[in-house]
């Protein structure tokens, strides 16, 4: 419906989240020649780097390792990446942090936004990131809300109302994650796999998320109907659309 | 995603329901040159024809009036229509009635299905129609489920897994109707209006459902974002997608 | 809002249910001089008469005992009572049974309806009774739905849209019973206690439901606010209003 | 049930919200001769004044305009109004802001409270206002919670447990708004219309909210039943009661 | 808590369901030396035997094949199996069918019951089986409900209140399946695998359900905590407990 | 499943909460010879000490009284107690407060955690305490999250994933409290009663919570089944398990 150029924005609580959960959607976008930007709110330096802490590494080194890995993974997916370094465990929702995200929205002008779902009983940073992503999106729409530098946006700098999709949490049912969109990532999967392999510390996750892609792929086929001829090896990712879909065609 | 020719099937509990609630979607499909079929499970002869009963008309005449009006409205929308005459108030969910719907599915080979939502505290026939539409859809997929005449379907006669959309009930919030699809029916609306005007006994509804189309049109614009340049007079219809959307692109 | 004379209809699955769960509301109505009618769909002869079966009594005798007790309890509450004898465990929702309830609605012309809630994992007859009460209420509104004798109702015989309240099930939380109305039954409680004492086989329930009235009474006070001066011994009953309240004053 | 004098308190996130969403209830109260007080937490200066920002007006002027308009609208409704000027987009829930609301509660001694619902995916200030209104209401009940000036309240200064009603958000279904109270505002509507016309910058909303009042009016009639003789032009507003209703009569 | 001998009853809509979904729990029980009984309500002859219909086999032969496979699978799990042959697609909930299940309950005297969850938008037979299993369980508790042969049960023949667990449907999130019990089936898994291999027509499912057991095993470990030393290859099955757990120890 | 020594941690918003709501579970644990620790986030000095404020006592004295009473009650239950003195009405969720709880978790090494449920429309401190207890539990698991003194925990100091149970709020249905665990506290009840009697200012609660234990005891019996021979005077407490139960046996 929109005339504007596609621009995908992914808001990730920690440095690795976007790879496991949305790597397919990101690669699918860049394979179509579209722009994709990942913003990592933190490096996951405290809560998701246990092996490095056990190895006795200092905080700064851990952050640098996580940053490099995430940058490599984003590169494999063909996406831009930026780091807000807001700290994790806990990720705090301050007005200043949200303001930084407002600036990102206005710069990136996303036509689609991906982030965590609003519930996750295993990790409070994930819903915090989602709340921040949603709040900043609304603030970025308002011409009366200033930028970080105190200037006010022009009419072109405020954003529209891009759809928001929540990507899959680690334990979907416990996080009230009921997918209403199943994305076919068959073609994009090799890039996602390559991106996963940029995260060597979580090698056991490579197989886990490959198996998940197979599982979601089976559901893609089930929900598309048997006679559509989807190939046997369809791979998938699951999403929850947050706002109603606007369309001219029911399909 | 499908290669098959578009075919819209609308399962309506009573003779008029499809006009008020899904007339825009139907007209939008036929304006695109697609096939649309309405199946009315009953005429709404007992529960939705109060003025005719008050006028002392006999049952058969009431059914004939309702049939003619519905046929005219379908014509205005460019759709085929058929009547199963299963009786209303209550609409009974017998195996035989559901079997008739199975035959319809196999004949129509729908790529999209529209019907009532699963809850309506004001009218039990509406959720009954929805349950029948859903059950028949699943049965029609199975090669081991016979047709009404006892023959078994061929591989081509069984259906795939067409998406199902619930159209809007009269009191949406009370019927747990939370739209996740907003359909732009601006171009189709004149046909919908014409179809509504084929139902003269409910003249007060013409304005009511025009106002509703305006209201849903405002929401189309709100959810599409301010800078997409949708015209001021956008008209809309609201739907609930029942199964997850299968797609290759998040948008 | 209505000008019509108050008329309370209580639809009870088994012979005793109305006493424990709605005795206070019934007595409160009759103490105000209003008409109250209880309709018992069954005697609870199979599912709620264990002690009599253990004592070796035959089915007919058990039904007679239950009928007499329920009639005595209704008398203590000042209410009319009728028995449809539809059988229990299971209570079957046939069109004929629902038609009998339609006749009751048209005869009683209720301005308020009380029945069981729609969920009860411990007793399927209770939600069955609720579904029947709700379906019959809608059918009784339609001038095109005949009476049991095949005649059609006059405009005066059809009913309006009386509010429906679900009374409290035995295990409220498990039955998704979230009260939105707390009824002060302090004055009516002595009559409710008297009615309970008409059911000697369930003597252990007298204390149980007295304690529940105290508990709900504490909630009446809590929700009315501390400074309203409700007496210390306020007794209560909890209800779920099913349709939205229509009012001219928010209070 | 209460002996205390009626006093309506409306907690509004922005300067205009109370007009569109609760103007009917406010006017109905003042037409009965009751006291009504509106407290605007912010002027909506950043998030709801786009046309003025586009016109290049400075912040202070925008706030003054919004203040004057809101004061005029409150006057048209016969209500008192006060402004806490807490800032919007985002409205921050600080302890100090909530304390100010505690003072308001104790001064106004409300018997009924109206505010926004707890969910609104389109505007975070609305649920923030609701949370503040609810939290301040509970704090204002406690004799151990000091006033802003450090003094402790007397027994007369603490408040009771006034019922809370959420008024209708802009996109009710998306905000999980399921009305359980439908208010007849037919007589009050002319005053509401007059109040809406005090907000000239949102002229397109006048018709939108008039149409909504018609729509809710139809539901008032539907839920009150056909034979109550409500006039054809009944106007309505929808509310969600948050705490259970306490009553002596089921009706 | 119970002194009675453990007896597991599994109510399966179709001949194969119990293998994929509950094979681990069954094998775990029989490995502990406990009794396990599977009751298949139908053979899944129409809805779940597509390859055999495509191969042109007649109905009776399909039923025989399914019966033999299911019997072999039950044997591999160490469980008894019986077939009620009630027909599938659709599985009809008649009073007679439910009565047959009542007899089963009274004969088997289950201390634990496993069945399908109450929702499955992809297959109506599954929730039908669950409703039947739940209704029969309540009826079997009542001394006033006769057996199929018209005799009444003795006090010893009626059953208690065995806990009910729903096993995992094919698309858990779409079926509102939120597991509240994660079962460690590591030791039982080889038997489950052997049972799966008794169903050669669904060979592609062997890997699918092995991968699911790995996935649920990861969740077993996550929810048990990292320092419990569960082995890396923990396998799991997910369940929803329907009634509250009764216990003397929180753990 | 765990080899670690049982250690019960109870996180209580105010000084008295743990007695009324979890006294039975605490006493049951200590009667089994297990360790139990209560941590009171505040004394409930402002929100739950009305009678003392009315008597004109100063804040410090009220806190001292509450502390002594709570310590006596904990003693009666055989539990350790500590007080974080974070203030109440409102209880603020600051990073510092949560850090203090992290320290408690690491010191106590709980195998089971009890706290308030996540919703309570009558008292915001209760869900605040629950959120703090849940967040601190997750932070305490992470080796990269420092202790209050800035040191990092060893591998032995971080905690596992102890199950969390929410205890019963004052108005359970209004707080969306649907118990999924019913605890038999018959043997522990005399100690709970003794602990309640350590709180003389709330003497009217003694009977209220004794009646509640009877009520929950009836539900213990109902859900355990009639033929388990539980004694007539079974006493109970209700809980909601937050994370899925991990087990090797379905029972």
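As written, the chains take the letters A, B, C, D, E and F, and residue 1 is the first residue of each chain.
The rule we apply is simple: contacts are C-beta pairs under 8 Å (C-beta built on N, C-alpha and C of every residue); 3 or more make two chains touch, one makes a residue touch a chain.
Not measured: the values here are computed from a predicted model.
Note on A-D: its contact pairs, compared by residue number with those of B-E, B-D or E-F, agree for more than half at B-E.
Judged by shared residue numbers over all numbers used at their interface, chain B and chain E contact each other through mostly different positions, with under half in common. Chain D and chain F, compared by their mean Cα positions, are separated by 37 Å. The distance from the centre of chain D to the centre of chain E, each centre being the mean of the chain's C-alpha atoms, comes to 53 Å.
For chain C, the set of residues touching two or more other chains reads 122, 174, 179, 219, 222, 238, 243-244. The touch graph of the protein chains shown belongs to none of the named shapes. You'll find the chains touch as A-B, A-D, A-E, A-F, B-C, B-D, B-E, C-D, C-E, C-F, D-F, E-F. Those residues of chain D that touch chain C in the complex are listed here as 1-4, 6, 8, 25, 28-29, 32, 111-112, 114, 141, 159-163, 165, 179-184, 219-220, 222-230, 238-239, 241, 243-251. Chain E contributes residues 45-47, 49-50, 53-54, 59, 62, 89-90, 92, 121-124, 174 to its touches with chain B in the complex. Note for the complex: chain F touches chain A at residues 95, 98, 134-135, 138-139, 142-145, 152, 155, 242-244. Residues of chain B touching chain D in their complex: 122, 170-174, 176-179, 208, 211-212, 214-215, 218-219, 222, 238.
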